[in-house]
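Below, chain A partners chain B and then partners chain C, in two separate complexes.
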Partner chain A sequence: MIIRSSDEVPRTTVLKRFPVPRNFGVDAASRINRGRTWPAPRGATRIKRFDVYRYDPESGQNPRIDTYQVDLDDCGPMVLDVLIWIKNTVDPSLTFRRSCREGVCGSCAMNIDGTNWLACTKFNADLATPATIYPLANMRIIKDLVPDLTHLFAQHRLVEPWLRSKSPEPERERLQSPQERAQLDGLYECILCFCCTSGCPSHWWNGDRFLGPAVLLQATRWLVDSRDEATGERLDDLEDPFRLYRCHTILNCTRTCPKGLNRGKAIADVKKMPIERRS
Partner chain B sequence: MSNARMRSPLGRALGLGSAKDGVEAWWRERVWAVALAPLTVWLTVSILMRADKGYAAVVAWLKMPVTTTLMTLLLVALFHHIAFGLQVVIEDYVHSRIKIPVLVGMRLGCLALGVAGLVAILKIALGA
Partner chain C sequence: MTRAPSDRQRPLSPNIQIYRPQLTSVLSIGNRITGIALSAYAVALVIWLVAAAAGPDAYAAVDAFIGSWVGRIVLFGGTFCLFFHFCGGIRHLVWDAGYGFSLRAIYASGWAVVAASIALTALTYVVGAILAGYGP
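The block that comes next holds the complex of A and B.
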């Protein structure tokens, strides 16, 4: 089945993760140990277990999984509500990013039950028991659920995600017909949460050179913008066996986008553009 | 190592810059794969049809000009496909200094095997 959007993905999966022992081949200092268990508050009736990844590189200790028994009656319906509840009432040292709590800022992306998603738009009711919360994969971890996104934003900067125009600066707005504007649909909505790039196997193996789905989507957004006049230069910068063509259409990115964007299609369209201009 | 750390994140992301090339390799991969598909079906069906006909019948079939032509095309497409496929696999997973030697060795190996196949086909086709 070709996946066009993350809401088409079946709810049940046969294998939650590839059946390799969790710490197989992992450097001794990176092995994940069992951490402590935090009991539910007294009197709680609706309790759900959350296994949460904890890591503080400065402590010199290995990462660990802490178990929290969460009182669902005392917190909101979303995973982010659970994390905030834990931080406020149980364990103030738990560290994570969040801002908007409504799926527009992209801060709270993490790996929830094996899938990258925004904690603020994921219902606790949809999670397994115990629910597992890890940070985005394949990033250096700053602390707990906070990954270091420096390289991803540098890659984003590389595609010059702003309007590049050669016509003299107009007196008024640069106009776009409704049809031209419609070309940006499915591209402009990206919130740069990097759920997709973190789930992309090509970016795991060659992330230093492959731009990854989020950045390629942004590049597409400027390639198809009718007001932009640097399409040729943009294509020159993209056409590269690693930067662009390292995408193997695995479509993990489309599966995991919390905004339901079809990166697979956007990238496939860009891959064809250099053919268009030479034949 | 300490120098690599001092480089700016953007500098690291830019690396050696864009190759400004890659579409041809990508397109070639697809074209050879598409060419290979019908040839593979043809070969599989043809062999299954002759499964119980014996050695002489197969040799006689291979000597037919159509068969020789299609077999030649198949070998060329097959070894192109293997070489391009392996190139992607090696570039994906090999990150050490042996990458370039491995790529060159792989190409030469595919060339040698392809030529060996062609010689075999021509020997049967032209042989007595």
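The block that comes next holds the complex of A and C.
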């Protein structure tokens, strides 16, 4: 089946997950136990089962999967509505990030039914039964669905995502032609939800040194900016076996981007730049 | 009364254990597995050549294995690995040149690799069978 845009949901599922053991390469503290099952609300007719990853740092216990029976007639159409419904009516201890509820802030990124997406722009109707909700893959978890993004923001800072110029401060704005401005389309829209980096197998195995698609897209955004004068230094910083070239063009990033940005294309363009400047 | 968070390390959320297999990741891992398999087949090819150089007895032993049904299955797998890795390699070359990155192109080229490697494997055996005199 041909997927045309990242928000397409596959109609058929051959495998919901890779055939690896559940605890494949998982350290003892990260093993997931069976949690509690919450009863369905009385009188509900349209019930959908949600299996949600839970972790309570205060308990000293391992993470667990809690099962919730959600009354779809009593809550909104999106996964975020389900989470808010659970928190309001069933289990107030469920913890997750959310803010804008319309896909512009990137707070509610999580792993829904095996792929990363924003909970606020994912329809419940598109989910399997039972639906599974995990935090973003391959992150240290602070609590429940809240991942620790410190490392990713540190990697973001490494590419110096701001305008660097050597020429004297201009008297007025730094102008761009419409063509120069168009170079930033498809790059500036990134909301840093880190769905892509969290879905990148290369970042799973080498995340300590590989920058990952979200950060590399930001690096591209400044490399192609006509006002930026540090292109050479930026490329020097990127030209490294791990930081940039650990991208093996798997392209899970392009498949999962909730904003529909083409991260694979952006990284491929950057990979060519250090070679092109030599010729 | 809330307790202070324990000082145990934060758990790592699952990655490969839960992430949905997609054509993108499956073909990537497939390309790697077939690449590793081809390295083993290269060793097997050397064994075959060394046996041929060593003399008729050694060659007959290796030839007997290749002719057995286990040997034939191994050889068939090798043919598929070769074409799968070859087609996947072409796809990666095109990407490295900066083309074919739209999601539609990613999926179209991905399925093309699957179809082409199956078709080329089948074609190899059909042509081989005809040349060996099994054909009409």
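Quick notes on this one:
Everything below uses one rule, namely that the second predicted complex is superposed on the first by the 261 of 279 C-alpha atoms of A that agree within 3 Å, B and C clash if a C-alpha of one lies under 4 Å from a C-alpha of the other, contacts with A are read in each partner's own complex, and residues count from 1 in each chain.
As a working rule, contacts are C-beta pairs under 8 Å (C-beta built on N, C-alpha and C of every residue); 3 or more make two chains touch, one makes a residue touch a chain.
Computed from a predicted structure; not experimentally measured.
In the superposition on chain A, contact of A:Ile32 is made with chain C only, not with chain B.
Number of chain A residues touched is higher for C, counting chain B against chain C.
Contact with neither chain B nor chain C is seen for A:Leu175 once the two complexes are overlaid on the shared chain. Residue contacts after overlaying the shared chain place A:Phe18 against chain C, while chain B stays out of touching range. By the touch criterion defined above, A:His248 reaches both chain B and chain C. Of the two partner chains, neither chain B nor chain C is touched by A:Leu163. In the superposed model, A:Arg4 lies in contact with chain C only, and not with chain B.
In the overlay built on the shared chain, the residue A:Ala128 is in contact with neither chain B nor chain C. Judged by the touch definition given at the top, the superposed model places A:Lys271 against both chain B and chain C.
Once both structures are placed on chain A, chain A residues 248, 271 are touched by chain B and, in the other complex, by chain C. Partner chain A is touched in their complex by these residues of chain B: 8-10, 12-15, 18-23, 25-27, 88, 91-93, 95. By the touch criterion given at the top, residues 1-6, 13-18, 20-27, 29-30, 32, 53, 55, 57-58, 60, 62-63, 111, 113-115, 132, 134-142, 147-148, 199, 201, 204, 248-252, 254-255, 262, 264-265, 268-269, 271-272 of chain A touch chain C in their complex.
Residue ranges of chain A in contact with chain B, taken from their complex: 150-151, 153-155, 157-158, 202, 205-206, 208-209, 236-246, 248, 271, 274-275, 278.
Residues 2-6, 8-25, 28-29, 92, 95-96, 98, 101-104, 106-108, 111 of chain C touch chain A in their complex.
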